[in-house]
Amino acid sequence: MVTRIEKIWNEGGTVVNGWLSIPSSITAELVAGQDYDSIVVDLQHGLIDYQTAITMMQAIKAAGGDVTVIARPPWNEPGIIMKCLDAGAWGILCPMINNPEDASAFVGACHYAPKGYRSVGPTRAMSIFGPDYITRANDHVITLAMIETVEAYENVDAIAETPGLSGLYIGPADLGQSLGYGVQLDPTSDNMMAAIERIRDAAKAAGKKVGMHCMMPDYARAMANIGFDFVTLGNDFRMLTAELNARVRSFRES
Amino acid sequence: MVTRIEKIWNEGGTVVNGWLSIPSSITAELVAGQDYDSIVVDLQHGLIDYQTAITMMQAIKAAGGDVTVIARPPWNEPGIIMKCLDAGAWGILCPMINNPEDASAFVGACHYAPKGYRSVGPTRAMSIFGPDYITRANDHVITLAMIETVEAYENVDAIAETPGLSGLYIGPADLGQSLGYGVQLDPTSDNMMAAIERIRDAAKAAGKKVGMHCMMPDYARAMANIGFDFVTLGNDFRMLTAELNARVRSFRES
Amino acid sequence: MVTRIEKIWNEGGTVVNGWLSIPSSITAELVAGQDYDSIVVDLQHGLIDYQTAITMMQAIKAAGGDVTVIARPPWNEPGIIMKCLDAGAWGILCPMINNPEDASAFVGACHYAPKGYRSVGPTRAMSIFGPDYITRANDHVITLAMIETVEAYENVDAIAETPGLSGLYIGPADLGQSLGYGVQLDPTSDNMMAAIERIRDAAKAAGKKVGMHCMMPDYARAMANIGFDFVTLGNDFRMLTAELNARVRSFRES
Amino acid sequence: MVTRIEKIWNEGGTVVNGWLSIPSSITAELVAGQDYDSIVVDLQHGLIDYQTAITMMQAIKAAGGDVTVIARPPWNEPGIIMKCLDAGAWGILCPMINNPEDASAFVGACHYAPKGYRSVGPTRAMSIFGPDYITRANDHVITLAMIETVEAYENVDAIAETPGLSGLYIGPADLGQSLGYGVQLDPTSDNMMAAIERIRDAAKAAGKKVGMHCMMPDYARAMANIGFDFVTLGNDFRMLTAELNARVRSFRES
Amino acid sequence: MVTRIEKIWNEGGTVVNGWLSIPSSITAELVAGQDYDSIVVDLQHGLIDYQTAITMMQAIKAAGGDVTVIARPPWNEPGIIMKCLDAGAWGILCPMINNPEDASAFVGACHYAPKGYRSVGPTRAMSIFGPDYITRANDHVITLAMIETVEAYENVDAIAETPGLSGLYIGPADLGQSLGYGVQLDPTSDNMMAAIERIRDAAKAAGKKVGMHCMMPDYARAMANIGFDFVTLGNDFRMLTAELNARVRSFRES
Amino acid sequence: MVTRIEKIWNEGGTVVNGWLSIPSSITAELVAGQDYDSIVVDLQHGLIDYQTAITMMQAIKAAGGDVTVIARPPWNEPGIIMKCLDAGAWGILCPMINNPEDASAFVGACHYAPKGYRSVGPTRAMSIFGPDYITRANDHVITLAMIETVEAYENVDAIAETPGLSGLYIGPADLGQSLGYGVQLDPTSDNMMAAIERIRDAAKAAGKKVGMHCMMPDYARAMANIGFDFVTLGNDFRMLTAELNARVRSFRES
């Protein structure tokens, strides 16, 4: 089985990624019913824990056959990374990868021996991906390392070269905060753009993919246009807030 | 304690009501953080059951002191109506009230003897509304009867006159379906408008309030302008869908 | 299997009953770890729905082998009564039994044909009570009818005589409200005591048991002393509140 | 959209139905991953409530595109029947339909006006079945009435003729208990077989489908061979018990 | 926004802290409805995991505007510490801080760069504390380090001096066990009192606050009198047990 | 209290262990109702998180008094190990113990000072095991280290000699994968058998127990016959799958 992400990347396209912060299989199914290529279940800043995340992964699968499920664990910790993979995530987006050691530990947790140290026991994964899951997973599981601190920025080339890593992913809020530029979403300032392009180039130089955390369609399109292979487009929590705000304000001001 | 709904109605204003269909205390708190006057927890068409509804009522209270909580039960059945009131709903919006007998049964379930037959035991309600809850509740609990079938439409005057009933509420989807005009949201056709005004007039003639289920701000404003005392403004499920649709489509078409 | 309630009643003793209003298997196990003879899972005024109630029934069983589990449904409705029995409640305490018809419908819902109309399918009950559950249940399931309205009070003799009914149970809050004496817990006024004794006598005359909803040990003891066969002793929600109140007040005043 | 059940019936085949009693989206997905044509989420004797049932319906959809989801409500009560349909059940299997009035009430609850009195608001159903759900549902929703009491047996012809009813379904445990033959699963006694064939013939005479609740493959095959259009094949709770029993006993005896 | 804890400390007062061990939003709201200044949601020894903890934090907010929410994570692990802060905890009480390195890691996890390494993404925190949360949090989030082992005791001065740490908190059960004095609650023995005062003095010398885990009002008052700035007063699980014990024993002995 | 495991081991017998992967208190009670001596709640590869695990531990206790509860944490991480013990697990089966340092950290997390560094606060454990739990636990808690990697295999003697460790447990899937023999369940190949016997002998030489993860009764019996003290016999997820497969296939092929 080639996942939708792989198919798009094989054709040189850009993956459009949805984002789940609300702990609910109902909103997960609703988001997955849109025309996203992949969806991140966010166990870090999302208000979501593992037990709920499983029902959300089921709901994403319910909404459409081929959307690729990615989980973001709370931290680079093997226990929860492996649990997410066993539960049916096809990829992991790992926060706070600051140096090559972090990256190796992360990639190792996502692969079975001899490539890594992932423990064998893919209860739901084998049930939904088929009996050959264990042999296939090592070659196809997607691993994205978040570059979001000064330390990571300084180590970006070495991180990008980590064997088995699929790509880098920029978290602009943390990155801006850590670089001293302040928290910015959909940033366009010169200093942030320079950093973004630096990270993109490091990924490309290492033959890896690069992703960007975006909020609005125009910004995501601009990122795709400058070579990003993976763009997140908003999240459920902020989108619901935005639409609520707009409607109530519109009524109150009428 | 005078609730926000009562305060607005005492001043001749229109209540702006939010609507919860997603079974989550997170979305409930998010919706309640907007500038709504009241919020309906929908146990009928919403994907919500009683146990989840309690955490949602807590979340609404968490978001702001004085938003009035209303529950819509799945049906005119005393067990669930009383459970919702005990759990802290200050009002009940009851579906499918088709005749004065339905209305009396509904109103009776919301009031303690001798006004009605509500059973005494307001576990959370007394805990949050105070030790005098039992004596105050009978005079202040809000009861809204949904008018949404041909039978209800024909009995609208008698229903409106039910002692203890606070008001009527129009469900345009069901009403249109039942009258043979088809399912319409924010309807503006002549036949629907005639029905809507007929129901409004019946409420007013009986000295009762009247509410309308609306989706968009302009329509809700128009309903307020023609005398509606209570207008719902969208629901969480549809708003999230709308915003998701807009962003993904915008990206895909760019 | 003879349940603890039956054993006590066979020896002429008084059952001491615990009461669960908090929707949690943790508090259920904690309460069941005390020296109660039976425990009511309150799906009416307790903040508890069916799915949670099952885990609470499991927790009661976890805490001790022979405590008898009783469920109070939200209303005299066969669907939820049968679900509670299937889930492992050995008895049902039914609210608002106002006349012999109510009582017959209630008792019928608790017994298999030909005694009643309970549907066969005791999924958890058979699993925990054994393969002969279906044949034994009809003779041993406990059915307690709450007498708590004027109408019930006037029909108390006829209700008590309902074949298959185990006994009557007094809800003093509702009964006082309905009789016009006001809501009283652990009531001692002459008018309430007269009503209480009238109901007790009706039960005894019909050869049935009689229970009383009590809060404090002294009151429960007094009720046992005047012939009550079953006394509830407080509930989890109120006990926790009382102890919290006492400690915080004590500190604040020190 | 033609559901898998309809497709099979249009071709004169027999539907093989799975059955869910365990309240878990994990077991639901596992069962739905087998080669069943339809699956019943049992909210009556299963240990399942509405909120859990939704996640189970999502899990069934996750497991495979075209398995038809059917819900069994706890009782013939419109509130829960409509909630199950709104949540995405394509059919309802209603217990304890004892006479034509029961059957009409049941069928009415499953259809929109003017065919019935189902309330409009298919939150998840429209989201997963498409925007034309409301118009299509009335012609395709499946309604199966359980024949499981003496009264139902005596009224079986009239029940079968109920307009809009899809078919009859035999619950042999209840039927045997009510007819005085005792509780039997996969019954083969002459008296039970006579009753089963009588019900089958009533269904056929009215141009309706007929289903049977079976446990073992051989029995289900035999029922298919004598004309049953729908056979249930075991349930998750009993199958897990059987396999556990077999393995532990085998070890203990070795 | 100045939190209630800060306000009290600015005025030189003692914070009275409640404690949640039961995994339930209902008991959380009940406890928060008492006159506590702050409340700890205990994810370590409490029977509470993250997903439940969120609903409990919502319930605390529902009960009263200004009670400060503190979370105790299971261990000094950045993933769960950051999740608790994102979910709306205003402070963290961290177990098992045994040396300055532990303390620095803990404090760093609670602050954004450049003070620490907390990841930016305060989903619920920003929603409830306002858009300036990120800039304010670094100066106001409360960090309390538990001193409860021999190692910690020996390093107490260095721990207390950790920049950004708000204070020390004594867990007498662990401390007594580790010091070889045995597990004691509300300890008054000379050796325990000497240790307690030693820790208090270390905190004061470093200009930090100091808290004590107490059970009974008199003991908490005594601790406040000898300079403790923060006293916990019992926990929900033990209080409910105590009151249950008292009532059942009183009845059984009457 | 001597647990069932200890009793069997004291008599030289083999413990038969059940295994829970499905996150449900219902399946937990069902499995525990079989004649198993102990049951593992699998928080690693099972689809189970801590909050659900508690209800499962309660359900195991509900099913029978003396079945020993063991938890498998996701990783060798003290936070979750201690939470499982506090919640009522009597033993811990720890994955991926690769060297003596891992083993010491694991054993230390399971014992109170001075033997280890477990934090004192056994909320449920003390409630169910009695007030002397803290003093008894250190001598009786069961600690099983999983040997499942090349590194562990090479260090097996040193791991086995870890003071306080109860025994070793073989995970054949991981072990085979790591040794390069491939994933095998119930392995019988020469190379796997050699490795299995090597581990068994290391345990015995150190005076420790040894356990094996088995699927089928014959294999488990064979392992018991060659000296294994603890054999797991299947898991809920696979057993349900097997039985479903068998019945559906049998029908489809008939």
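Order of writing sets the labels: A, B, C, D, E and F. Residues in every chain begin at 1.
What we mean here is this: a residue touches a chain if its C-beta (ideal position, glycine included) is under 8 Å from a C-beta of that chain, and two chains touch if they have at least 3 such contacts.
Predicted model only: the values in this text are computed from it and were never measured.
Novice: If every step must land on a chain the current one touches, say how few steps get you from subunit B to subunit F.
Specialist: 2
Novice: By residue number, over half of the contact pairs should agree; on that basis which option among B-D, A-D or C-E is the same interface as B-E?
Specialist: Answer for the repeat of B-E: A-D.
Novice: Name the chain whose C-alpha centroid is most distant from the C-alpha centroid of subunit F.
Specialist: B
Novice: Based on the averaged CA atom positions, which chain is farthest from subunit E?
Specialist: D
Novice: Same or different, please, for the subunit A to subunit D contact, judged on whether over half of the interface numbers appear on both copies.
Specialist: Same residues, largely: of all residue numbers at this interface, over half are found in both copies.
Novice: In whole angstrom, what separates the CA-based centres of subunit B and subunit C?
Specialist: 34
Novice: Determine the centre-to-centre distance between subunit D and subunit E, using the mean Cα coordinates as centres, and give it in whole Å.
Specialist: Between these chains, centre-to-centre, one finds 53 Å.
Novice: Going through subunit E residue by residue, note those that touch at least 2 other chains and give them in order.
Specialist: Residues 23, 26, 30, 47, 49, 51, 54, 77, 80, 124, 127, 237, 241 of subunit E each touch two or more of the other chains.
Novice: By the document's touch rule, what are all the touching chain pairs in this structure?
Specialist: A-B, A-D, A-E, A-F, B-C, B-D, B-E, C-D, C-E, C-F, D-F, E-F
Novice: Using the touch rule from the top, collect the residues of subunit E that touch subunit C in their complex.
Specialist: Contacts found on subunit E: 16, 18, 22-24, 26-27, 30-31, 34-36, 47, 216-218, 220-221, 233-234, 236-237, 239-245, 247-252, 254.
Novice: Please name which positions on subunit A make contact with subunit F in the complex.
Specialist: Its residues touching subunit F are 49-51, 54, 77-80, 82-83, 86-87, 112-114, 117, 119-124, 127, 134.
Novice: Spell out the residues on subunit D that touch subunit C in their complex, using ranges where they run on.
Specialist: Per the touch definition, subunit D meets subunit C at residues 21, 23, 44-49, 51-52, 73-75, 77, 80, 95-96, 148-150, 171, 173-174, 177-178, 180, 183, 237, 241.
Novice: Could you list, by residue number, the parts of subunit F that touch subunit C in their complex?
Specialist: For subunit F paired with subunit C, touching residues are 25-26, 29-30, 33, 54-55, 58-59, 61-63, 65, 124, 127-128.
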